[in-house]
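One chain, chain A, appears in both complexes that follow, with chain B as partner in the first and chain C in the second.
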Partner chain A sequence: MSELKNIVKERLEKDADACLCLKNEEGTVLPVLICDVDSPDLDGVEIGDERYPLGKILIELQKEYPERRFAVFVRGCDERALIELAKLDQLDLDKVVMVGVACGAEQAEACGCSRPYPSEIAVGDKVEAAPDREFIEEVESLTEEERRELWRSHFSRCIKCYGCRNICPMCFCKECSLEDPHLVEPGLIPPEFPSFHIIRAMDMAGRCIDCGLCEEACPADIPLRSIYRKMQEVMEDKLDYRPGEDLESKNPLSFLGTETDIEKLEEVE
Partner chain B sequence: MAEEEKNVAGEEEVKILAFLCNWCSYAGADLAGVSRLQYPANVLDVRVMCTGTISPYFVIKAFQEGMDGVLVAGCHIGDCHYLKGNYMTAKRFGVLREALKFMGLEEGRIRLEWVSAAEGEKYAEVIRDFTEQIKALGPSPLRKKGAGKAGAVKA
Partner chain C sequence: MAEKKLDYRLTPSTCAYCGTGCGVLLESMNGRLTGTLPQKDHPVSKGALCIKGWNCHEFVHSKRRLTRPMIRKGDELVETDWDTAIKVVAEGLGKARDEHGPDYVGFFASARCTNEENYVLMKLARVVIGTNNVDHCARL
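Showing the complex of A and B:
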């Protein structure tokens, strides 16, 4: 793809010291950092169906080289992730050049994200999509006990690989509650129902940008994304917050706020 | 946790953990005590400086450790000793309640109440009402020795 190659070259010549992208190495897609225009990696640069939480690599890169400017290819979900990470003081967006990639129609539909395109698109054409609420509606139509048994059976397959956390673009803590022996008993498989998953759901509230990588990574096919998406809906309905939407609004669970922030809650009479 | 407690009739007693804020609800509970108001003895109190310090993890942990209900009581909105601590409580509990609801975990087992230092009668009433509610729900399905651990392997 010479188009991509030209974009990378242009960024490197104009405003970036290095470009973080994905390359295809004999069928395996992996992240690569291209630092100069003659790099042999340039030929393999690819934007396929594979996704990768590049924001996590960017955090490490910025720690190591705080003065450098990095260009990075972002899909709609990546852009939301970078914005949310910046608000959480993990990234300095002034030193990041985002190259927008719109997901193709087929991919957008398969992924079911509500905004499969970034704010500025350099590659691909914008496709509108509607978020997939089928499973959430199915769960909500069940009785309380049926819901509990449904989740119990899903979570009984969990092998506690931490794949959902490791792949999550929004997870960056050095100390993770999921590894706290007081909250999650070490050595117990499957992890206790429901604490492991409630802890993660609560941490994802106001943070999950709905990329769906957790569900893709889960070896036990647990419908994790629907839980976090539900949390996202709750945050929007009750606290008017949509993670990754803009740089100004802050996660209401991260600061005390004002009385108007809480007026939609039934807890406040 | 201690062995299951049973009442005189041989029925299993439900256990409720109450997080009370130091400035309002704990004083309210104290007032209920000195006023000799009657309320069920199923409640264990934990005094915290502000309800805003209560992480949802504490609530989950309480259920893990065998509690059947968790009550969080703090100052009325606008009366917080730390001005806005209870805003955080309201937000967190609103979200936690929805998470429990979505997973079918009987969100009626958590309760958030605002009880001031002058509301001894309200505190007693809240405890009476909440205990009745938890008794109707029965012992929590999330108790450690319950089905949650059945079939689990210790690696």
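Showing the complex of A and C:
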């Protein structure tokens, strides 16, 4: 654990005003902002098994402290979030120092992540993993009517907690379509099927970085991640774009109609 | 001008909206509550929350929050101090019990209170007033 402590100290001494990481506080692992090298929080710094939407926290920090430089521990998914958020003008990466953390084999498998490591690794060893397509394949083997009933059954459990949106590192809009009374009837639980979930799924197109925090936060165990992952597959297949993969490639949905070959879109089933 | 002191923290707590006891992390910046995150490794809620839990910080700085006791005088609510308010309540409840009997009085406890606070209210109802008319806000 002292390795982590030293990494945080080094960042604070060299190039960051504060470091956003996780710490163990009496058995609970939670995000913490460490601001100086004498902080008692340093002794509790941990990687932990649980993930938090650090990109979302970073947006709030940069809004409040625009001149400060923040170091942040990033897993593969966190890095993708930070990159895509920067492309969407929500983060200034010039003031962010990323400390890469590779997920362990067990975690990578449990998460079904296709890229459980960031581009530069400071902690842990890189393991390759295959994305978990089991549920997607199961759904794809069904007829259209069966699929509809499957999703109707899953979404009938929705308690409209907005947890999927709240935890999502890529959801930052001030005004959310899911709270627009013209689109979503207030007070109706479960929300209207399928419109509520289609609104959210469409907003995730070209944006979802496949962290799966939505599914982890869902109190009704709805397999949300597979919807957005399928959306991501379509994006990659038809528009050659994977959100969060790099800073250079342009998001096709940001300039659709000018630089993107949209003919391919017609092939979408 | 000196730069603002960095102050962002998450404080583990328990959602006070109902008896489930979900684990929350209260987000605060510069000493003000700004948000709620689910506590991911919490044994009860395992990183999930309902809509009330997700917004459980909101009432703290709400402008609509009552910060002082008030006594209704005619059609008006008038701010007062706690000693006066408690005296008025005690006299009112005592009068109702003495004139109409203990079952003329009822008590509504709250899911927002702790178990111990609700226990004390139950004791007040049963021992001090002498009625079993005790219920909770979820049935209001």
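Definition applied: the second predicted complex is superposed on the first by the 261 of 269 C-alpha atoms of A that agree within 3 Å, B and C clash if a C-alpha of one lies under 4 Å from a C-alpha of the other, contacts with A are read in each partner's own complex, and residues count from 1 in each chain.
Here, a residue touches a chain if its C-beta (ideal position, glycine included) is under 8 Å from a C-beta of that chain, and two chains touch if they have at least 3 such contacts.
Please read all numbers here as calculations on a predicted model, not as lab measurements.
Superposition of the two structures on chain A leaves chain B and chain C fitting side by side, clash-free.
For the combined arrangement built by superposing the two complexes, chain A sits at the apex of an angle of 100 degrees to chain B and chain C, based on C-alpha centres and given in steps of 10. Looking at the superposition, the partner that touches the larger set of chain A residues, chain B or chain C, turns out to be B.
Of the two partner chains placed around the shared chain by superposition, chain B is the only one that A:182 touches, whereas chain C remains out of contact. Shared-chain residue A:33: touches chain C; no touch with chain B. In the overlay built on the shared chain, the residue A:65 is in contact with chain C alone; chain B does not reach it.
Contact with chain C, but none with chain B, is seen for A:50 once the two complexes are overlaid on the shared chain. Of the two partner chains, chain B is the only one that A:231 touches; chain C does not reach it. In the superposition on chain A, contact is made by A:150 with chain B only, not with chain C.
Of the two partner chains placed around the shared chain by superposition, neither chain B nor chain C is touched by A:90. The superposed arrangement places chain B and chain C with a least CA-CA distance of 13 Å.
Those residues of chain A lying in contact with chain C across their complex are 17-18, 25, 28-33, 35, 48-53, 57, 60-61, 64-65, 67-68, 159-163, 166-167, 216-219.
Per the touch definition, chain A reaches chain B in the complex via residues 139-140, 142-152, 156, 177, 182-183, 187-190, 192-195, 197-199, 201-202, 205-206, 227, 230-231, 234-235, 238-239, 252-253, 256-259, 261-262, 265-269.
The residues of chain B lying in touch with chain A in their complex are 52, 56-57, 60-61, 63-64, 77-78, 84-85, 87-96, 98-100, 102-106, 112, 114, 141-142, 144, 147-149, 151-155. Interface residues of chain C facing chain A in the complex, by the touch rule stated above, are 3-4, 6, 8-10, 12, 23, 25, 27, 29-30, 34-35, 37-42, 45, 47-51, 53-54.
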